[in-house]
Amino acid sequence: MSTQKLHMGIIGAGRIGRVHAETLAFRLPEAQIAAITDLNREAAQALAARCNVSNIAESSAEILADPQIEAVLICSPTPTHADLIVAAAKAGKHIFCEKPIAHSLGQIDRALAAVEAAGVQLQIGFDRRFDANFARVRKAVATGEIGVPSLMHIISRDPAPPPIGYIRSSGGIFADMTIHDFDMARFLIGDEVEEIYTAAGVMVDPEIGLAGDLDTALVLLRFRNGTIGAIDNSRKAVYGYDQRVEILGSKGKIATENCYPNQATVSSADAVYKDLPLNFFMERYTESFAAELRSFVNAIREKRPTEVNGMDGRIPVQMALAARKSYDEHRPVRVEEITA
Amino acid sequence: MSTQKLHMGIIGAGRIGRVHAETLAFRLPEAQIAAITDLNREAAQALAARCNVSNIAESSAEILADPQIEAVLICSPTPTHADLIVAAAKAGKHIFCEKPIAHSLGQIDRALAAVEAAGVQLQIGFDRRFDANFARVRKAVATGEIGVPSLMHIISRDPAPPPIGYIRSSGGIFADMTIHDFDMARFLIGDEVEEIYTAAGVMVDPEIGLAGDLDTALVLLRFRNGTIGAIDNSRKAVYGYDQRVEILGSKGKIATENCYPNQATVSSADAVYKDLPLNFFMERYTESFAAELRSFVNAIREKRPTEVNGMDGRIPVQMALAARKSYDEHRPVRVEEITA
Amino acid sequence: MSTQKLHMGIIGAGRIGRVHAETLAFRLPEAQIAAITDLNREAAQALAARCNVSNIAESSAEILADPQIEAVLICSPTPTHADLIVAAAKAGKHIFCEKPIAHSLGQIDRALAAVEAAGVQLQIGFDRRFDANFARVRKAVATGEIGVPSLMHIISRDPAPPPIGYIRSSGGIFADMTIHDFDMARFLIGDEVEEIYTAAGVMVDPEIGLAGDLDTALVLLRFRNGTIGAIDNSRKAVYGYDQRVEILGSKGKIATENCYPNQATVSSADAVYKDLPLNFFMERYTESFAAELRSFVNAIREKRPTEVNGMDGRIPVQMALAARKSYDEHRPVRVEEITA
Amino acid sequence: MSTQKLHMGIIGAGRIGRVHAETLAFRLPEAQIAAITDLNREAAQALAARCNVSNIAESSAEILADPQIEAVLICSPTPTHADLIVAAAKAGKHIFCEKPIAHSLGQIDRALAAVEAAGVQLQIGFDRRFDANFARVRKAVATGEIGVPSLMHIISRDPAPPPIGYIRSSGGIFADMTIHDFDMARFLIGDEVEEIYTAAGVMVDPEIGLAGDLDTALVLLRFRNGTIGAIDNSRKAVYGYDQRVEILGSKGKIATENCYPNQATVSSADAVYKDLPLNFFMERYTESFAAELRSFVNAIREKRPTEVNGMDGRIPVQMALAARKSYDEHRPVRVEEITA
């Protein structure tokens, strides 16, 4: 087995940990899983067996102490991210961390400082940047194919809300769901958002409102370069996962459609119909998950900066806090107002 | 010739006057043009010849004094609308008036009071309500096909801005262009807008900014029933007229696409392409213009209320004023704040 | 009223006669209906009243004898076409005749000879040539946009079979239904068909088979220039009228989709669907019917050849006879084999 | 490592051998590559290194003699298939063999007899059956969603012809290219083809004609159950790989579209366009290649019949011979006429 393979440790064997582990095991010949750990040891064992990994670490500390491991995947719950980043950075490991880094800027800044001090690489798990549709839109903007952007729309709706327990610890819709769209907005336009105005409500499930959260939102963005955008979020679209963007520019527009399990259309006596779009992120972004890890593994092996760095992890959190503040105070809020 | 035909007088032989006259002459057997007038007598003569109309009236007063004429079409410039409505109402004529009635609520209320006092019918020229696409969307909402609406988008972009001279006397983008979308928002959701927040800018032509107007806008709407909507306006979409809506409801979504001159797709060595959408409102809404007149003529003949009444003419103007106020004051504005 | 209007007589006030009369009356200012006749006098009266025509002729002879009438529309049943063409030609009238001229080449040739001897113009009612979709396809071939054609498909399916009584006198599926597609094939490719092979059956209704006819067919065409084509016909498509073409050329392909009553798509919990396509030819080809008459009227007024001439009426009948012969003899048949 | 993994030997490390090896190595935890062989030893070594396989066999004989190997993948050139099947069957190995088994029925029957005598399983590499689009169409037919089929179309065009050297040894367009469509026709309709009529020509490259082959074809099929179908083949579609099917049934139709690298549409000042479809079978059928191997591996492990058996390999070859005979003799040919 080649010594050039990147040896990685996986911290967290939950749903997203499993996705990443399978990618590393079965789709990325350039990487090797050296160890897996999870507080739930059975989950770690099952995943290790699935991926032909012999080493089940007792703890993240054991992984960080392993000199053979060059990089770690942090797939544990959000509250552990910042501390794990700090510890991994101190241990000299490169880091791939799921979003969000944390729910407060203070914690994020502490983590980013540790990364900077250690000189390691950090990539945040904004997988959608690696989706073929959104990459095509970014290309249309970056190459000038549609000229200078003026108006942007992001539609991002989940098929169904998560359990109310998840909602309660999620940090709220903006930190949990819109955060992907905040990242997408910055990525697609290639500029920063200056001001946010939020209109939102509870239209899907009153329980979500009782938990202090919102389930439906239209978030208006004003970019530094003048582009105006809108993010449309709903925790429930009965027809499935709805993930589209559209940008109007001075030379044209680009718009994406959802992805479907097949390209068949049936015409019956009642309607012309097709099957529902791919239902949720595991189906819709299968290839994006693989592509972001490939990008990370290759960045580390080739000593290049990662494609989604620490500031890319920080700014969407700041935007999420601004979006909530705008809703709470019923006024447009400048992103720079959020400092902690 | 049947005496049951509705005898109509046309005031204004400009572009929209010509459209309506041709509809009456060539597509509506139930109506008859009794007279045409225009300050530009040559325009009136040309239109009369085109439509086989022998009576060219000297003035609107002559038309209003004609006892044979049961209804008038007001197609003259906006500043004349309110006075003409008042005069026509006093003369006992039913009235079809192009939008907007006026740019201020005071003038509009004066006109509506005259209509009410005279007991005549008034229809406002919001032709898009009669478009097959938007009618289908309204049906999906009204019948419950998509359940309770939560999020709405209206995309409404012109192929190119009008001449700067037109811009200066237009009343501004909200009164001139968004007004159609304000009407559409009310029509589609079947509810009133409570609050408006406007993000806007000058991104198409700096001359428009120098004239004190805006050319690009995202107008966020909050309806009484909780629905949140966004209207996307641009004075310039290089690919042509862009007129789409989308509504998310508790049971599904409905979305419309643009209309194209043909349904052909070409696949070349470079791309898979189709021709541009129908370029502007004269092509896109040809059938809507005919349908709104058919609706008016039949409402009068059958003594039914018109489908687009005086309040339908007033409220979008109020919304336009609120949209501008929101932009000027950089805050959400309640529609009821606008009282004059 | 302008003396430049083309004065026309209408022979036959059935369904297609009504369509053409309304076009002349309400959409073509360049034409004037001078008289209408029908063996069913009530039908003629109703249509005359509808179109503001005062002259109801006793017979086609009366129309042909009227010196004011410059052109006639032959909308009577097929068996009368050839004789009426001969009579109209002898009377010096220009002729618009519904398809087919006749079911035998002998009758057609007699009619065409009379037209040629009289030096009048003849246009055959192949309205689909004037459809925006098919015109766009023809343009792509004629301009070289898709290069040299090699393969062609025509899908042409009716929503439901006509009454069995109609079937019995229709001349069979090839003469009645495929004839439009034979015309389309020649028109789109701009070349003649050399050989035909037919596979067909009775799959819709056994009654059609008992009447000696077929209801489902795939007709393979070989053009002189080498292009190979297929016409797909069914008397029944439960989802409505299906009218599409596709051509592959050396530089690309062009394909058309059906026309829909609106451009709305609904996404429900079960499927993503749209309304059925426009149901049948009266809805689908509304504009084509108007355009073909406009073309005829203008050709006569401007002394230009018509766009669909006598040979365009003859050759599809010859092809229809070849298609049936191929089916009967279970072999490819050269079109030139059909001589009577 | 689990002893339940299916141990497989790969014979042939060319393009398709590489595809299958990577699937086994990186996507099918249930299988294990025990050995790879190729006459070109370097190719075998490169593939083994890529897939972490330590055993490079000297010959197919060595693989067949290995008692640990339960199944073989035959990915060598077509002329070797029949002999290898016979040898593998005698060695008691289950067999996955690329299409076609051979170009003559005699050779095929010899191979199938050996398979039957040995009681091993055989699967033929008709990967398209495992494509999501075609599987959806099959489902619509099999479940009765579109009722009883009457008309079928298969469009199957390559982006560019293979090198002329390949053409010369390919067995001709029907055996090399249409064979996939013959399989698809049987699979989709679930019935056998009784008679074939072929119209074809050389329209892409005269060199192909000089090599005795054709490059453009319309093959008309008549199934036993009455369904009529057409296969449209071209060796060159400049816009890329064109793979679509459509079936009309008594209760509706189902039609598939091509697959695209992304779902983005750009609207410029010239056209509304999207990127070209996925270019060729390696991109288009990536998932089908994986799915067919998964199906084979699981069939062997679970002692079930394979989904594409020996007769599924024989009949399309018979159809290809009938298609050519029809072209040569310019008449419809019954498939049963082909006996050798």
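We call the chains A, B, C and D, going by the order they appear; numbering starts again at 1 in every chain.
FYI, contacts are C-beta pairs under 8 Å (C-beta built on N, C-alpha and C of every residue); 3 or more make two chains touch, one makes a residue touch a chain.
Everything numeric in this text was worked out from a predicted model, so none of it was measured.
Averaging C-alpha coordinates per chain and comparing to chain B, the farthest chain turns out to be D. Interface repeat of A-C: among C-D, B-D or A-D, over half of the contact pairs recur, by residue number, only in B-D. Rounded to whole angstrom units, the spacing between the C-alpha centres of chain A and chain B is 43. Chain B and chain C, compared by their mean Cα positions, are separated by 39 Å.
Counting partner chains per residue, chain C shows two or more touched chains at residues 237-239, 242, 251-253, 267-269, 275. Residues 148, 150-151, 153, 157, 197, 199-201, 203-204, 216-218, 220, 222, 226, 228-230, 232, 234, 236-239, 242, 248, 250-253, 330-332 of chain C are the ones touching chain D in the complex.
On chain B, the positions that touch chain D within their shared complex are 237-240, 242, 267-277. In the complex of the two chains, the chain A residues touching chain D come out as 1, 26-27, 29, 50, 52, 132-133, 135-137, 140, 145-146, 251-259, 261-269, 275.
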